[in-house]
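You will see chain A twice below: alongside chain B first, and alongside chain C after that.
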Partner chain A sequence: MIWVETIVNGTLYGGLYGLLGVGLALIVGVMRVVNLSHGEFIVLSAFIGVSLVGAVPWVHPLLLIVPVAVIAFALGFGLQAVLINRVVTRPDPFAAILLTFGVAVVMRNLMVEVFGADPRTLPAGRLAQASAGVFGLHVGVLPIIILALSIVLFTGLQLVLTRTRFGRIVRATADHRDVVRLMGVNPGRVYNVVMGLSLALASVAGMLLAMRSSFTPYSGVERLLISFEVVVLGGLGTFWGAMLGGITLGIAELVGLRFDTNAGPLYAHLLFLIGVLLRPNGLFRARS
Partner chain B sequence: MKAARWLIAMVGAVVVIAAPWFVGEGALRFLSEAMLMLAMAQMWNLLAGYAGLVSMGQQVFVGLGAYALFFASISLKLAPFWVLPLAPILCAAVAAVVALFLFRLREAYFAIGTWVFSEVVALLISKTERLGGERGIGLPTARLIGAHWLEPLTFWISAAIAVGAVAGTYALLRSRVGLGLMTVRDNDVAAASIGVDVWRNRFIAFVLSAAGCGLAGAVSFTATLYVAPSFAFDPNWVVAMMFIVIIGGIGTLEGPILGVVIYFALRELLTVAFGLTGGWYLVGLGLVAIATMLFEPAGLWPLLRARLGGEWLSVRRHPPARAEAP
Partner chain C sequence: MTLLDVRGLDAFYGDFQALFDLTLDVDALETVALIGANGAGKSTFLRCLVGLMSARRGEISFAGEPIAGQPAERISRLGLSLVPEGRLLFPSLTVEENLLMGALNQRPGSWTLARVFELFPILRERRRQRPDALSGGQQHMVAIGRALMSNPKLLLCDEISLGLAPLVVDQIYESLDRIRAEGASIVLVEQDVKRAAGAADRVYCLLKGRITLHGPARGLGLDQLSRAYFGT
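Let's turn to the complex of A and B:
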């Protein structure tokens, strides 16, 4: 029974990991850029959330996800427009990696100086403790809400990219950056919006994760590694793969913690390394 | 010309050997740190600037080198510097094994793959009680070296490692392997089509770089007499290596030398002269690195060389003079 419960909880937790990674998967798919400051933006949005909770304590933190996501969208748009678009067209594939790594180091240390290095959490009120019994299994209400929200966002992203005019433009830009210019599309602007979306999704995950476990300015590193593992395990460019990758990692982590209480993310990392060894193109990549 | 080079080398060696008698203890420690940082930065430069491999996990070799030295020195009850060769050997062996699967990842994926590997090793070591767990271990065998000799010895070895890293990289790049690395970096399809073994050249660079970082890491932690996972596997090691190389000039041998000077000058300026905390110092360093990436992606050395002229440590080969047409 306890194992079933662990696997159910791992699945719920893993949905959140999938959400952490899907933003990264989006920008990798569209502009072939890995944003190494992804983790720092996840942590920053949690800090913004904590500040907002302090400012408007009568609003439930779950509702504050909306303004935080809007702020994160603006930050992503600005990051892309001001910095990354200047290097994204360079032939050197490392320019964007090194640039975003510089951004990550600056942000991490600024957050230490501004918010302090103490662990924080986002209070979720009574919801955090509430649990529901489903056929004798005890499952937290908050994790179920989190998984449901993740699935809604995944579906929404999928629909936007496959069914709308904007989605068509994004996919066309991803395939042929230079050809879309002939159709009057400015790839730089598309990238700005895509980076905004990526960080907005990451900020939702960052807020939800902050309700489940504590964070410090240094947590960005771990968040980035998990996001990245989700992208690689899921297989590049497939969003549902990212979701499955996240769930796999979530289960690995919680099962690992069952028999080794201070393991931390060790087993998720080990699973990732083994996954890379066996299937370097991702576990769930569509065979096309 | 050749005689002048030998003369410079001899004078340099005399200055390094005599330095501990003329320089204060604090300054000596500072110089040792700078020398080791130069060696590590040069190792990172070999990977990123020549082999096309950006590693975010080189700190794993810094830490493994340190732990190899501490563990061997304590178990064998030998003075730390006697077991120093074990550090690069262990790191090279580990690098050779992990290369087999990390090399399946490309570009950014390789970068973060190495980082994940480093985290895994750090977590495993912090769970190993024999190695002190999260608390870390001290180095009681350092007492086998006289107290007056530890600092000068560390300095001499650090200087030798720094010179060895620069000269070794120079020699490697002038060799067949180096030529192969640079052709792969500049055009991997063309390189493969003329028979350059891309995988093998990268493998050699990765293993050598790991050995160099392990050696420098082992000496670095011998100087502090204490090692713990949070310091040994600190990502700030690779942050420092990267910033030194980017600011100085990636893919040049002189770049890391210039970068180390700027790195430590900036650190002393911000933390000592302006009294800022280490956090603000890293913010400043990050901003300088971002500006370099945006405006001068080749780093500062190419600018300086254009002013100074000359070949310096260029590994360029000159084509043979063309025969006169009959």
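Let's turn to the complex of A and C:
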């Protein structure tokens, strides 16, 4: 029974990992660029969340996800418009990697300067401890909310990309960024919105993660690592793959914790390594 | 009335000069063929027109407006539409979505989704499929339809007969008559000299980046053409 519970909790936790990675998957899929500052933005959103909780303590932190996501969207839009669009059209992908690495380093140090290096958490109130008995299993209420929110956001993203005019433009830009210009589309503007969306999704994950475990300005690297593993496990640029990749990692981590209380993440990373060795194109990508 | 006026156009890839002092014009409702062998600079010329080549000198005016140096996304809104070489359809989009991309700049005119399906009825049946499920000829139809959806004043066609069966090429060329009837000028870039000269009012021949021959399509002798084409 304890194993079933572990797997259920791992699944719930993994939805959050999927959410961490999906923004990165979106960027990789649309721009063929890796954003090495993804993790720092996840941490920054959590810091913004903590500051907002301090400013308006009577609002539940879960509701503060909305303004934080809006701020993250604006930050992503600005980051892309001011910096990344300058290098994204270069044939050498190294320029964008170096640029976002630089952004990550600067942000990390700025966060230490502004918020200090102490570990913080986002207080989720009674919700953090609440648990529900489902078929005799003890499942946390917060993790259920987190998974539900992840699924809603994934579905929403999928619908936007497949059913709307904007989604059509994004997919076309991902296919041929020169050809869309012949249809009057400025690829840079598309990228601005896509980076905004990417970081908005990441900020939701950052807020939820901060309700479960503490973070410092240095947590970005860890967040980036998980995001990477999610993206690669799922198959580069696929969204449901990212979700499933996240869930796989979540289960591996919690099952690992049962074996060895010191090294849960180690098992997730090992699983990732084995996954990449066995299926380098991603566990969930259809063979073409 | 002159629709497109190109004067003294030079174009470069790095140190390599691809076009030399190219001068060309297209009148309203006219069809002009631009012929030349592989590497003569035909596609480079089209890329200059639509704004995808930044390294160039010279003047280009379209519908009375100077467009040299303008970004591609702005030029497209003026009514200059390209059917690119190799079609360059969007593989992640369905046929219908590909066509709708052409309508993004919302230029007024008679071309709509329904009219394109009328022109190429097979595309209506295939509207929900991805382009790579289509035959080469059908993919060309999607590329032409996508360009038409912006209601262009001037349609630039880059090698629309390349790699197609003769029967399919006939079909594509017949569609050009319908397109002209809607009031568009056409520039046909071709390696197939006879085919292009047969469909055009005037012919320009390009050899190694220079115009070697230019005149009305009727009355061009074959030996005269082949000399301009091969440079012998």
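Some points to look at:
Following the convention adopted for this analysis, the second predicted complex is superposed on the first by the 286 of 288 C-alpha atoms of A that agree within 3 Å, B and C clash if a C-alpha of one lies under 4 Å from a C-alpha of the other, contacts with A are read in each partner's own complex, and residues count from 1 in each chain.
Convention: a residue touches a chain if its C-beta (ideal position, glycine included) is under 8 Å from a C-beta of that chain, and two chains touch if they have at least 3 such contacts.
Worth saying up front: this structure is predicted, and the values here are computed from it rather than measured.
Superposition of the two complexes onto chain A shows chain B and chain C fitting side by side, with no clash.
Contact comparison for chain A: of chain B and chain C, B touches the greater number of residues. Note on the composite model: angle chain B-chain A-chain C, taken at the C-alpha centres, equals 90°, rounded to the nearest 10. In the superposition on chain A, A:99 contacts chain B only, with no contact to chain C. Of the two partner chains placed by the overlay, only chain B lies in contact with A:270; chain C stays clear of it. Of the two partner chains placed by superposition, only chain C is touched by A:180; chain B is not. In the superposition on chain A, A:83 contacts chain B only, with no contact to chain C.
Between chain B and chain C the least C-alpha distance in the superposed model amounts to 16 Å.
Contacts from chain A toward chain B in the complex involve residues 34, 36, 83, 86-87, 90, 92-95, 97-99, 101-103, 105-106, 108-110, 112-113, 221, 224-225, 228-229, 232, 262-266, 269-270, 272-273, 276-277, 280. Per the touch definition, chain A reaches chain C in the complex via residues 165, 168-169, 171-172, 174-176, 178-186. Per the touch definition, chain B reaches chain A in the complex via residues 48, 54, 56, 101-102, 104-105, 107-109, 111-113, 115-117, 119-120, 123-124, 127, 235, 239, 242-243, 246, 277, 279-280, 282-283, 285-287, 289-290, 293-294, 297. Every residue of chain C that touches chain A in the complex is listed here, in rising order: 50-52, 71-74, 76-77, 81-82, 84, 88, 90-93, 97, 100-102, 104-105, 146, 150.
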